[in-house]
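Chain naming follows the written order as A, B, C and D, and within any one chain the residues start at number 1.
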Amino acid sequence: MKLLEYQAKEVLASLGIAIPPGMVARTPEEAAQAFEKLGPIAVKAQVPVGGRGKAGGIKLAKSADEARHAAEQIIGMDIKGFKVPLVYCEAALDIGREIYLGFTVDRDARANILMLSAKGGMEIEQVAEESPDSIARLYPNPWRGPLDFELTQLVYDAELADIARPLSSLIRKLYRAIPDYDALTAEINPLVVTRSGDVIAGDAKLEIDDNAMWRHKHLEERYGSVLEGDPYEVEAKKRHLTYVSLDGDIGIIGNGAGLCMGTLDLVQRAGGKPANFCDIGGGAKAEVVENALAVILMNPKVKGVLINVFGGITRGDEVARGVVTARDNLNMKLPLVVRMSGTNEEEGREILEQHGIEPGVSGWEAAKKIVELTKAGATA
Amino acid sequence: MSILLDRDTKVIVQGITGREGGFHTEQMQSLGTNVVGGTSPGKGGTTHLGVPVFNTVADAVQETGATATGIFVPAPFAADAIMEAAAAGITLIVCITEGIPIQDMIRVKDFLRGYPQARLIGANCPGLITPGQAKIGIIPQRITSSGHVGLVSRSGTLTYEVASALSAAGMGQSTIVGIGGDPVLGLTFRDVVELFEKDHDTTHLVLIGEIGGSDEEHAAELLAKGTRLKAVAFISGRTAPEGKRMGHAGAIISGNRGTAKSKEEAFHKAGVQVAETTDDIVGMLS
Amino acid sequence: MKLLEYQAKEVLASLGIAIPPGMVARTPEEAAQAFEKLGPIAVKAQVPVGGRGKAGGIKLAKSADEARHAAEQIIGMDIKGFKVPLVYCEAALDIGREIYLGFTVDRDARANILMLSAKGGMEIEQVAEESPDSIARLYPNPWRGPLDFELTQLVYDAELADIARPLSSLIRKLYRAIPDYDALTAEINPLVVTRSGDVIAGDAKLEIDDNAMWRHKHLEERYGSVLEGDPYEVEAKKRHLTYVSLDGDIGIIGNGAGLCMGTLDLVQRAGGKPANFCDIGGGAKAEVVENALAVILMNPKVKGVLINVFGGITRGDEVARGVVTARDNLNMKLPLVVRMSGTNEEEGREILEQHGIEPGVSGWEAAKKIVELTKAGATA
Amino acid sequence: MSILLDRDTKVIVQGITGREGGFHTEQMQSLGTNVVGGTSPGKGGTTHLGVPVFNTVADAVQETGATATGIFVPAPFAADAIMEAAAAGITLIVCITEGIPIQDMIRVKDFLRGYPQARLIGANCPGLITPGQAKIGIIPQRITSSGHVGLVSRSGTLTYEVASALSAAGMGQSTIVGIGGDPVLGLTFRDVVELFEKDHDTTHLVLIGEIGGSDEEHAAELLAKGTRLKAVAFISGRTAPEGKRMGHAGAIISGNRGTAKSKEEAFHKAGVQVAETTDDIVGMLS
């Protein structure tokens, strides 16, 4: 779950980190009111994706009218596929310097990594490429958290010794986002040092592990419904499905990320273009398959569907029953190729055949078949 | 004629009384796996599927001498189950459970440093099978056959595809290891390749990778140093859209590392053949 | 710092542990009021020492009058050297069973140990001696704390599986007293399981590491002034000195626990009886020595003082200056033997001699001398 | 002619710019200790007492090749200083600081498991000295002399008493180790006795224990297995009142373990002479 800036900042504030005064505005009028309260503000689009500045999603406002106009322009605009649901109006900071600070998971190290750089404010990826030594790194032990001497070393490595004390204290607070909120990324860029020496979070990115949301229901309740992205993805999420929208006309359902990706590869190789795909995961029940098919079909661009399931924990008979029920319930008329194998595959194929669905052979054969049928349907 | 697991390995199942645990224990038993017991707190002293059930892994190890475990408990309890197994002296821990929080697994990985003899496979993996002898996990034995191909994969379902094709072509497998697709996992490609390298009944190697991370590259580096195995690699996700979430975090593309291209190039550089589709693997291996 | 029962229970409650309803009473009238609010109560003496039940420090009250009378009897009584400052009036529990649960430091293992036994309510030392296997033990890793599977094993080992869930949850809460409050001992005995299945702390013992009080100033502020024990020890504590009252007539000041104890041994061997001793520790300054002497002399039984200091971090000149100043400021006329050696010892001896104090030779010689002088003074 | 420390050992001082740290660094230097630097965060790059000051121990080790450290920082920072030293690769860590919270030290002890080559002496100890060569800590060198008696003690001031008496009697010391009196500490009596046993220039052993804990008993068990050292033990606190707090928690009597009687009996059983006062030690050792 990627939190929006204002949400991430609320969480940081709850960890004791200083944030600028700010107010959420869902309407231009609220943005104008924010100006009345806060004075000169930045009106910032709230989307869970980078680059909003370049996309025109951040505007400064020096009057209530400017704030109103900025919000009018920003709310509802599309930034990288996300419709901006609201803006965050934040008081301008008296910036002395800008620092980069971020935790994330380093999958190669199988550990959390903490990165600190005096070169904040710009894209950290660029800094990392151009002057990797200017980013100090620390892998805190996951049970112990960062130790005092480790933070001291980090701060000296980053050549930020002059603000060692407030910085170490802030890092320790930000670290709490990992054990306390299952953060996969907790980033403050820029971390602003004001001219009066205060250390304040200028921006905030926080991604919470979806697998751990059961430990953080309050976050889901508080923030889960705010974001408006791809409507199909929103719908899929409501149904607890892993779904991705693409550009083509063939819907794909598979189980396991590897097989889904492999099926995408096969369909493209066969000359088709996937419209979307849905990973029904391991242990998928009939109901899950039906849900997946329903979501796949919500997209009117879909002209044919390929279901590619190789069963381990997923049982063929359940998949088959799900496919049949889903097709019937959804009154689906589009071409449908089902390729199924693995646990209880005979039972599954039998069920499909009994209901007039012919199972495919290999993944490659099935991919060629759905591409063929879809093209035939499109030209028909 | 195998790595990690054979017919003599004493195996327990954590979560044996659960629906999935029970179903797959029966499958494991039908292959001949030496399942000596299971655990289910509160059900110690009972019998399930013909084997004794214990409250804790420590009890199970003490009573049965088990050295391996398959974990089928729900995600919120899985990290603890792995640590429990390691602390009890289990040396092969296979965690099938998917959806374990990443921070849990990071803590588990650190915990396991205290138990260097404990090997973890997974989590979120199909487990491993030594065809004709034993399995821990959910790989359908019907599609496997005994032989000399070592198969290691990050993807469950693609593993089945390939095993199935190999068996159909008469190329049996020594051991099949599904290492799982999570970003923080136990044995890596490199670890498993090292084991196959040392297993003189394994003559061929199939490695099925996927975009994300650098584990395939690390295995390629090892193979580049020279291998006696005839090897083929396949990477799935080459047409996956960049930066899109692909179902497990293992498929998130980060920077310019972990792309299908970088992985395929690493294998090319190591002199390892790279298959374009899983259907090509059998032909390239012969 | 040993907390009183009601203080320990307040801390446990802040950790989320259930405690019975209770009220502190400083007067008999307050005890009667407690009865009006709580109904039948136990009126319990608050002293930081065990065995108050046998000493008559716990009485049941079934009416306001009984409560008043009980408090009258208990408040102000002396239990093992502690004058009872107040009572805790606690609602009676509907006891189903009693369990023992305690954390403490196992110095041989250099670790915290958690002990759990189904045989609670009685003296755990007796249980430990008679049936050691009935106490389940766990050494939680100090960074990780007790892990779920470790608690499960513990609860099964203690044969308390039927209440595994609430018990594990409670143990995890009690454990927080270690990292959060630097507890050296955190004990609940009995841990009561009521007939309705609730798990409630029947008693509570909590000792906080004096070396860590700087991390827990709120505890010191809230509870530090309640206890009235040995008046000299109270005074010594105020002056941040390590002081122990004994029965004899010779006051002893030393630096380091080993030397203090060794000096006690020597004085007793020489036929003397120590009245008290004060350890001025390492790095002691003149001011500290003066404070120590002042506290030693508060006890009118003291007829002579032996100061035995061997300087490492403590410098002889500072000790000497302290002794001289203290003697003069306190207008001390009693026999005084000062034995000093180590860092800056020459300078120290010179100062003493300049001020008419002759330094002793070895510890044993000094001990014999002070015993001799004290006896002479007593018979004079 | 020493254990742990000699004139070549490269030593740093953590907290070198502090009052105590500075004072004792000078003392250490005056004996000839090879003090190569010190640490004091924020003062890196400066020079103090003729040696370079670094911000961190890692920097100091990198620049000077130090292998030993003396820690003189205030109690709230001492546990961190020990861990910093171990993580930086220091193998002899001597912590003089007293008043460190016990839970800090319990965490430190666990942390040190990850650095098995790091030996900790203390905390709350006078440190160690190899007379005529080097010292780390606060043992006054004037009262020591070079020779063949190994001296190990839990008490600072009693150590000085005994060293002084030994020197006066012409019995020099190989190394004197004050292990400290805290309940949770680094090297134990047993550890130090093992080192003396292996040091062939040490021929005699004096062990000064105190009531509380079982460390003296453990050392006695080791000596009972046979020793080439002529040994004398002394236990202080035999007349201490039971259950009274004696200044450090090491002196709390717990149950029937840790009494002067149980310790003295253990040494008697091991064939080790037990002195009644420190004044008796010299005579018994001759």
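Quick note on the criterion: contacts are C-beta pairs under 8 Å (C-beta built on N, C-alpha and C of every residue); 3 or more make two chains touch, one makes a residue touch a chain.
Worth saying up front: this structure is predicted, and the values here are computed from it rather than measured.
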item	value
Which of B-C and C-D has more C-beta pairs touching across its chains	C-D
Distance-maximising chain from subunit B - centres being C-alpha averages	C
Intercentroid distance (Cα basis), subunit D paired with subunit A, Å	56
Distance from the mean Cα position of subunit D to that of subunit C, given in whole angstrom	28
Distance between chain centroids, defined by C-alpha means - subunit B, subunit D (Å)	50
Contacts with 2+ other chains: residues of subunit C	141, 143-144
Of all residues in subunit D, the ones touching two or more other chains	111
Topology of the chain contact graph, where touching chains are joined (line, ring, star, complete, other)	other
In contact (per the touch rule at the top): chain pairs	A-B, A-C, A-D, B-C, C-D
Parts of subunit C lying in touch with subunit D, wherever the complex brings them together	105, 107-108, 110-112, 125, 141-143, 178-179, 182, 184, 209, 211-212, 214-215, 242, 244, 246, 254-262, 264-266, 268-269, 279, 281-283, 309-313, 341-343, 362-364
Subunit A-touching residues of subunit C, taken from the complex the two chains share	141, 143-144
Complex interface listing, subunit A residues touching subunit D	144, 147-150, 152-153, 156, 161, 164
In the complex with subunit C, residue positions of subunit D that touch it	20, 24, 27, 75-76, 96, 98-107, 109-111, 126, 137-140, 143, 153-161, 164, 181, 183-185, 208, 210-215, 236-241, 244-251, 254-255, 276-279
Interfacial residue positions of subunit B with respect to subunit C in the complex	41-42, 44, 55-59, 77, 80-81, 83-84, 87, 111
